[in-house]
Each structure stands twice: as C-alpha cells, then as structure tokens.
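If you scroll down you'll find the structure; I have some questions about it.
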Amino acid sequence: MIIQIAADCEEAQLDRIKSEVQAIGYEGTDIETQFGKYIIAIGKKQFDIRRIGSMEGIKDIHRVSDAYKLVSAKWKVGETKVKIGEDLFIGDGHFQMMAGPCSIESEEQIESTVKHLVNNGIKIMRGGVYKPRSSPYSFRGLGIEGLKLWYQTCREHGIKIVTEVMQVSQIEPMHDYIDIFQVGARNSQNFNLLDELGKVDKPILLKRGISGTMNELLQAAEYIFSNGNERIMLCERGIRTYEGAYRNTMDLNAIAMLKEKTHLPVVADPSHGIGVRRFVPQIALASVMAGADALIVEVHESPEKAFSDGQQTLSYREAEALYENVRKTIKLRGELV
Amino acid sequence: MIIQIAADCEEAQLDRIKSEVQAIGYEGTDIETQFGKYIIAIGKKQFDIRRIGSMEGIKDIHRVSDAYKLVSAKWKVGETKVKIGEDLFIGDGHFQMMAGPCSIESEEQIESTVKHLVNNGIKIMRGGVYKPRSSPYSFRGLGIEGLKLWYQTCREHGIKIVTEVMQVSQIEPMHDYIDIFQVGARNSQNFNLLDELGKVDKPILLKRGISGTMNELLQAAEYIFSNGNERIMLCERGIRTYEGAYRNTMDLNAIAMLKEKTHLPVVADPSHGIGVRRFVPQIALASVMAGADALIVEVHESPEKAFSDGQQTLSYREAEALYENVRKTIKLRGELV
Amino acid sequence: MIIQIAADCEEAQLDRIKSEVQAIGYEGTDIETQFGKYIIAIGKKQFDIRRIGSMEGIKDIHRVSDAYKLVSAKWKVGETKVKIGEDLFIGDGHFQMMAGPCSIESEEQIESTVKHLVNNGIKIMRGGVYKPRSSPYSFRGLGIEGLKLWYQTCREHGIKIVTEVMQVSQIEPMHDYIDIFQVGARNSQNFNLLDELGKVDKPILLKRGISGTMNELLQAAEYIFSNGNERIMLCERGIRTYEGAYRNTMDLNAIAMLKEKTHLPVVADPSHGIGVRRFVPQIALASVMAGADALIVEVHESPEKAFSDGQQTLSYREAEALYENVRKTIKLRGELV
Amino acid sequence: MIIQIAADCEEAQLDRIKSEVQAIGYEGTDIETQFGKYIIAIGKKQFDIRRIGSMEGIKDIHRVSDAYKLVSAKWKVGETKVKIGEDLFIGDGHFQMMAGPCSIESEEQIESTVKHLVNNGIKIMRGGVYKPRSSPYSFRGLGIEGLKLWYQTCREHGIKIVTEVMQVSQIEPMHDYIDIFQVGARNSQNFNLLDELGKVDKPILLKRGISGTMNELLQAAEYIFSNGNERIMLCERGIRTYEGAYRNTMDLNAIAMLKEKTHLPVVADPSHGIGVRRFVPQIALASVMAGADALIVEVHESPEKAFSDGQQTLSYREAEALYENVRKTIKLRGELV
C-alpha cells in the first residue's frame, strides 16, 4: 500500500498516520523524494482502507500488490517525464536519442563525437570513463580525468552526458560532471549503489541485469525511488539466452510490458541488444515501435578502431541514417490508431 | 559447395560433373527441386574451383561454408518470393498478413472469421485442425473433417489456408485442402516430416523450435529444400528463456539476422512471441520494422471463448486496428533511408 | 481424478461409473493398459468423491491435481519396476547400465561392443540406426538392415537393445528387433509418435526435450501411458542453457525432483548431459547420487573414429573404470542414512 | 603469458625482465600476492619464449592462452589448498562442510547453530549479516552489530565464519570478525569489490553469477588474484534457466569442468542450487561425486521460521543425516578407480 502524504501535512498528522499503520499491523517505511512524501505500508491483514484513507494529511492512498510499489503504474496518473536539463525531457511523449562511443578515448574523439551530435540535433552523449570489463587486464577507462575533459567540451556545446557509475565512491567525484548516472547491467542488483543513487539529485538510467527479470528490474528501480530519487529511466539492453548467434537477445517484449507496468520511461539499447553493427538500426526502429521512450546507441568515428565494442558501434554515416529513420518512425507512431 | 546444374545439362555431362566431384574427394548429393537441379558437394580438401566451374552443364558454382547450403543467402541473387496463389506472394517485397483462430472450432466460427478477413483485405487464414497439446486430455482439433469444412468456406471467398501438419501420414489427406503446410515449433526438428514436406508441391511455413538456434532453423529448412521444395518461409515465434513474465520471448534479433543469412522470407508470429493479447500489436509492428516479410496473428470473434490460446488472441476490433497500423508501417518501411 | 477400475468390473458397472462421471460434469477418458483399466476424469466442479468412490467395479479413486495423472506418484503405491527382459528390470531398486556407441556402424563394431558389454556384465546395449541429424547431409544411420545385424549378435549373447525410433512408420519394422524404444530429445513432444508408442508392448525410454520442462516431460509420458503402455522410463540428458562451455547442462535437479513426482524410473544420460568425454564419469556418478535408476552411456572401441559424438564417447578402458565406480556408488547409496 | 619471478630476484633483474617484455611488444602487468610475484604479459606477436625464459630472476614461464591466467590450472603444479585457519584447509584433498542459516537473526539462533555445528564436527559457519534482497522493503540483515555478536560465540567454540560482503566500504569494518569473505552471485562481476578483496589477507568465497559463464567466473577470480590475494574458492550455486520447477538449476557440469580449468578449490551450494529443502541432500551428494572440495548448506533450527530462504533450509536432523552421508561419500570418492 502506498500512502501519499499531502504537501501541507503537519508533523502531528504524520505521526497519527504512522500510528494508524502500526495499529492495523502493517510495517511502514517513510519515503521522501524530490517530489513528494510517501509511506509504504507492507502487511497481509485485511482492513478497511477508508480507515486510513480518510485521515488528515493524506493526499491519496493506493493498494499495489506488486513486489514493487512506487515505480508501479498502478498508483500514478500518467507517465513520468524525467527532466534531463532545461527543456530536455525523456518520457511522457518526450523522445530522445543518446549516442556516443563505448569508451571515452581521447580529446579528439570527444570533439569529433560532439560535433557529430550537434550536427544531427542529438542532445545527450553516451560514453564510458569507468568500464566494467570481464578481464582485469583490459582497458578500464580514462576515469575522472577523462570525464572532466569530456564535460568541458559537452558544456561548450550544450550536450548532456550519460555515463556509467560503478561504485558508491565514484558518485561524488562524478556528480558535477554528468547529467545522467548510468547503472550497468552487471550492477543492476548492486543494492548499495542503488541506495546511494536514490539520494542523488540527478536522473538515473538503470539497465536490466544480464539475466534480469521484469520484477527484479522494477524492484531495483524501487530501491532508487524509495531512497528519494524519482528520476529513473529503465533500460532494456538484451538478455542472455542460449542463442550464440548474437551477443545478447534484445527483448522487445520487455519494452511493451514495462510501458504498462511502470510509469517510468523505458530506454532501448539496441547496440548491446544485438551486438552486431549492421543489425542495430532494425532493432532500434523495432524498439521504437515496441514503445521505447528513448534510444541509446554506440557511435564512433571509426568503429573498427574503437577501444571496445567496435563490432556493435555505428559509424557516423550509419548513425545519421538511423537518426532520420527514427524520427520518421516516431512520427508514424504518433499517427497510429 | 553448391553446383547449380544448367537447365539443358545432358545426362553425360551430369555424370562427368559427378565424377569430378568424386575425383576431388568430395561427397556429392543430388538435389532436384521445382525450380532447378543442384549438386551439394561436401568435403574439406583444397582444390581449384575453376576445375569444376568450367565444366559443361554447370550454370554456376558457389562456395558456401555455412552448415546450411541451399537456403543460404550466399549463393542466390535476391530474395525468394514464395508463391501462395494466383497473384499472391510472400517475400521479396510482397508483404502479407495471415490471421485466424488458434483452433478451428465450428462452421460458425469459420464463417465469422472469413467474413472478418474478407472485410479487411486479409488473404490468408490461419487455424489449427491438428493441435499439438502438452496434455493428452486437451482438445486436439477437429481433424480432417474440420479442415474440409474450413476449406469449403475459404474457397468460396478466395481465402488461402495455412495450417499445421503434425506427422507424415497427415500430408496426403491434408494436401488438397490447404495452401501452406505449417510445421510447428515442436516439430521444427522432426526430420522425417521435413523430408516428406520437401517432396510436396505446396509452400511450407517452418517455425523455429522452442529453443531453436539460427543454425538449427536454417538446417531444418535445408532438409525441405534438399528434398525438392524451394517454397519455404521461416517463422520466428518467440523462444524459451528464463523470463516468466510472458509465454515466450519474441526474438526480433532473429528476424534481422535471418533476413541476411537466407534468401527465404521471414514471418513473424507475435501472438506466440509474447503470448499476451494487449502487447501483440506492439510486437507485430516491431517485427515489421525488424524486417519481417509477413505476420501471422491469432484472431477470434470472442477471444475469451476460444478453445485455446485465448489469452493471446486479438478480437476483431483489435485486429482491425493492427491491420491498419501494419499497412502504415510497411509504407514507412519502404520510405526509410 | 484417476478412477482405477477393478479387474472384475463388469460392463454394466463400467457404464454406470461413466454415467456418474458425466453426471458430476466431468469429462472421462477411458484408459486400458497392459496392467489395468482407468478412467481419467477431468473437470472443475466440487463434488463428493465418495459418491463415485463407493461404486461397484472401482478398485480405487485418487485426486491428482497435476497436469499429468497416471504417471504421477500421487496415486500409485511404490515405484514402477519396468521389465526389460527375463529377470531384467529397471526401477524400484533395480539399477542398470546401458552402454554402446552413438551410431551402429558395422558388424565389427557391433561384435566388439557386445564383447565389451558381456565381459563387464552390462546387459543392455545402446546405439542408433536412425539418427536425427541437424544437417540433411550428415550420416543418418544404417537403418533397418543395420538393426537386424545388430539384433542377431545381441540375441546370441543375451544383450538387450535400446535404440531410437524417429517416426510412427518405423515402429512396426523395428518392433521385433529391439527391446526398448527410445524417443529422442527432439521428438519429446512428437505427440503422434507418443500416441503410437502407447499402443506397443515394449518399454519406452523417453528423453526430456532440449529445453523441456518437468511438466512437459511428465505430460509426454502421460501420452504413452494413457494410450496403454505403462512401461515408461524418463531420461534426463541435459538441457540447453546460455552456457557454451559444454554441449548441454546436465540437470541433476530434474533427477531428484522426478523421483518424487513420478513413480516411473529415471535414467541419466551423462554423455549428452555434458558432452565432453573426460567429464562423463563424474556426471555419471553424480547422477547416481541424485537418484538415477539407470545410466545410459556412449562407449566406442575408438571414440576418435566414431561416426558421431566421438567427443563425448568413452573408450572401453574408461567405461570399465566407470562401471566399477558406479557399482561402488550404488552400493554406497543403499547404505546411506 | 605468466612470468613467475624468483623469490631472490633483484630489482635490476626485474627491470631487465620488464624491458624485455616491452621489447617483444607485450604489455606487462606486475602482480604481487601473499605467495609470489608474477608478470602477466599480454600480446599477440610471435617470439621465442626462451629469450625471456632464460633471463635471471625468473622462476618459470608459462604460456596460458585462456582469458584468465593466474587462476588457470595450466601453469600451477597441483591444486591450491586454501588455508582457513590453523589446521583448517579447503582444497587439494581437504574437504570441508560449511553450514548455518541464511540470515543471522538473534543471539539465541547463533548459539543454537554453533552448538549444532560443534556437535557434528562442522568447523565453518555460514550466515548473512548484510543480505542482498530484491526488494528494498525486505529484511536486510543485522549488519555489523550482528556480526560482532556472532563472532564472539564462534570464537569461543573455535568455529570459523563465512559471510557475504556487499560493498567496498564494508570490507574494513568486517575484516576482523570474519574468516572468509563471501562474494554473492549478484556481485560476481562487481569489479571494484573484487579489486579490493584482492588486497585483503583473508580467503574469498566467490560465487558464480546468476547467469555467469565459466569464463566470467574465472576472470572474476583473476581480478582477486591479480590484486594480490591467491586464497580464492569458487562456488557453484545454480544458474538461471527456463525451468521454473526449482529456484535455480544446479550445474554439476561446472564443478567437473572447473576442477580441470583451475587450480582453485570448488565449493558447491546445493541449497541455492535447487532451492527446495527435501532435494538438497541428493544434490549435495551429487556435488561431491562431481568433484566438489567443499559444501555450503543452509541449516536452521526451525526452517519454517527462518527470516529468509526457509524453503531451502535443512533442519538440524536433516543436516545431521547429510553430514554423515557426505562423509561416507567422501570416503568412497577416495576409493574410486
């Protein structure tokens, strides 16, 4: 059960509400986000919801039987629009493309990419400065210095930054240089990281785990939300299956279903979703038709020279065709019956 | 290696070709289809391809290193257009929708569905008269009598029939009453059935196995082709994964990849691909964008009363919206850069 | 609900039972096997089970809510002992090993293998004469002539034969030359084949599908049982997972669980279960500890020269060590607390 | 390539070795562990290994083409014996059982469990004080205070502690109160955590990821080793598959294969591996036969009252039977041919 607390709820009213929750044998958790206050009350006993619902200081009350509560679509009216920057939103009809390399490699690469994005009207740049790598002997990213360099160029051109944070201790140093914290697939259930990202005033792009379920993804988002941060986007990036013909199996079912289960925006990552460059555009467009609110795509001036993920990275020319096709597809999507 | 035999190749020339194949230490398999003659030569030794390529009686010769040969896109120029009926094709730019119930249930149901299809310009009706059911105690279809009934109504209205054949002994009795033999997911590697369908002069709709790989699907198609039948369509219908939130996980990657690996048309079955009625339209449209040449969709006048698969079956109203949206999406697909 | 019909039930009594089943709104299916008569009554209405249970002509009556009925352990007292031959049983404490090559290749191979088995006290020989192969260009077995050759040598030495049947039309010609019909993983849901094997008076070794569930395997067995054949053994042979380090992932959980869910014997196939020769013995012994009633193992005089599956086939020397270790493990299993 | 540095290698010799590595175009990484010094040299160029191998200051040199190096069995003679405490080892013939509750719940529970362990000769107690939970509203463990309580009782009775560490900041506070740091399945690729655990002088129990591959697990171990900690144990705890009949699918293939691929000990966790109490013993014994060097099992005085995982937790009585059976099985394993 979600109890939405009214903005003008007084301390004494709040105490009475909590007492009542206890009285009916429920366990209450206090939640305070950027946008509101809630009590999540968990329990199994039958009781008359009006008994609590009519109390002073309550804005609304909702039964949500899902394992996740605040991220559920069952209580919130409409879809969530996540603010990325001034006049820049994702969700609730606001579609964005994010593009950039797998790894931030050099100043030249940053400048080249930013120019490509600006030329094509793309407002958010992706890239990694901390790279989770299977092997300890692989390139692990340029780190915070790379991020600062990247930040400078992006700020000059009004480009926002989305990049992966891998551990709690990176949050603070990264904070001022990024616009969206990305949680990678391998950290999708790194609960301590999720807790801390819930206390941050930046949007979060939360990737589905390598074999994450719908429920696990939504509960991971609940960690962030319940710690105070409502600005969450979920990202489908392909799952691990028996099929070895592609790196991952993009799960478009997930996009269609998430759009119903949650009010949060859903982002598609076709680059990881199939992992083969020449098929990324089809999967990107398919993701749009399945309902995605945004796309995140790997792009590089010379994919074959990229430090990582070159095999799934689009060249600028390929990306430009994709941007145009995505825009046409978004337009069509708005015209469907 | 595929050796395409010239139409005017004489017996003696053919013998010399076969001798030469043997001479280089390769094992040759003779193939004769509705449309041509081929020798598939399998071996590992190095040899000068011109030695065979220049022989009389040969139209062309192709190295194909895939596990499948004749269904590979590597040798055939262009995509295959499968003829379903007079002026009715699937593949190579010809897009079709197939719709109908999971099971053929009654004369009333047939008539209602046919009317729905005719009204909406749909030319192929799906339906099952032999139903593979997990339990022996479930409804297993109306059988051949149901098929005859169905056939009659369809013929009157110019509707083609696609329906599942489950075993070799059904091929002959079904033959005159169907237009496309469907091979179900559970029979995707029923090699005896595939062999026999290779000898039949009707198109085949071959579904991917429940956990079939790309290679297995293409090799299953090779069984049909190598027995003489080139009119094959492959069907993605969702695979089995760890995710229990939907019946299957529709694998759009497969559609994008099959379109490159094979010259055969690729059909999408979003009904089984997600298995939840209200998400079928999104997955259908996504499949179109991923490159599908056709759609096969479950439709019923009253889905909740359907003998089987009701939970994934569209009502007429839902289907009509889908048909219209698919047509718009196909149009857009033709306009992409 | 399973209604066990008494051996001396008269026609008129049976009719009254059927009428009563109908009267309570249940759908009844008549089953007659080698060992008994049953009515499977399916329905959802509440009724007093004593109303039927007390009727004349009934031996016993059991509520079984599983999707499978007659193969469930819920109604039958004790485990099923499948008779393979005079004094040769599998199940209910009777453990057997089955060994032999993947494919029957030649008379010499047969004789060598039979000698190996006789020397080691193994009484059942496995081997394939009809081979399901992913590619139509692979060796597909020696067929019925190979089987007759094999049969002759086995009969001379008192060795029983287990071999795969791939389609209905093979059942009759194979029948007199085999002792156990094996249903392969790809045919695990070939329902027509299962139906027909239910009418045969030979034991059936039913393999789990490549990604078959517990429920599917048990319902597949139900097809055989409900058509009249109670002599069924289930076989775990590894499932398809994301892990590519081995051919399949042997699922020992399945063995432990099947031993509880069904009264049928459970056979382990470690050769396919891991698909790597040098690990087959450990998996074989693990399978015994998980509860297997029998083992089926691939053995060849020269595994590296085998026509198929050489990489997972034991040499005679490796097999002999395994037989001895299995016997010790079986002995220990009997002594556990 | 692994270059083992001799114990008496002088600074100047080491510099010459590094120069030589660079000279052949390889990238060298310096490793220093509790037990030795190594240089991991990664590159692709051909060179004469003797050129480096004969240099002074080198103990030995090994080509290891796997993605993981120092954890590979290809270079190290014999199996690794991990020291847990005075006269307490795991690996290289030293078998141990670890048992205890999923969560540490109370002083009474600790005392009861310790008594149970002491009575049964079990020397390592498992339990969680930091619990990774899918939902933020679930019980997340007693934390460091719980650990201190637990530690006290264990020290009094000579019981060692294995417990999960979830993030870098917990390492230091936990360090003095634990004997083995456990890395949970969800953190199996939390590379920052692995890095830091490589700098710790305590053994690590590293669990396979929820859908982790052999390669990923071994490379995760390589993170720990290459940061300086050789005392690593790998743990198979079941993987995620399509089969929903059990919580996870215990992968015994992994145990057999890991025993060959790495010199590190392999631990089996049958409790999570199947997730159903009454099947845990069979899977535990099967794991021993597959080659496990240790078992970790969930045990609770009253499983049905456990805060978490009760459904897969053994009662004391069940556990006692298991301990005895495991001992018999270990004895048999030593007697196999």
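Structure notes:
Chains: A, B, C and D, in written order; residue numbering restarts at 1 for each.
Heads up, the rule we're going with is that a contact is a pair of C-beta atoms (placed from the backbone, for glycine too) under 8 Å apart; a residue touches a chain by one contact, two chains touch by 3 or more.
Worth saying up front: this structure is predicted, and the values here are computed from it rather than measured.
Of all chains, the one whose Cα centroid sits at the greatest distance from that of subunit D is B.
More C-beta pairs touch across one of B-C and C-D than the other; that pair is C-D.
Simply put, subunit B must spin 180° to overlay its Cα atoms on subunit D, rounded in steps of 5. Once the centre of each chain is set as its mean CA position, subunit B and subunit D turn out to be 49 Å apart. One finds 38 Å separating the Cα centroids of subunit C and subunit D. Centre-to-centre spacing of subunit B and subunit C amounts to 33 Å, using the average Cα coordinate of each chain. Contacts with at least two other chains are made by residues 211, 215, 240-242, 244 of subunit B. Chain contacts here are complete: no pair of chains fails to touch. Touching subunit C in their complex are the following residues of subunit B: 27, 29, 40, 42, 67-69, 132-137, 166-169, 186-187, 189-193, 195, 209-211, 215-216, 219, 222-223, 226-227, 240. Here subunit D touches subunit C in the complex through residues 211, 213-215, 238-239, 241-246, 249-257, 260, 273-274, 276, 278-279, 282-283, 285-291, 321, 324-325, 328-329, 332, 335-337, going by the rule given at the top.
If you check the complex, the residues on subunit C that touch subunit A are 211, 240-242, 244.
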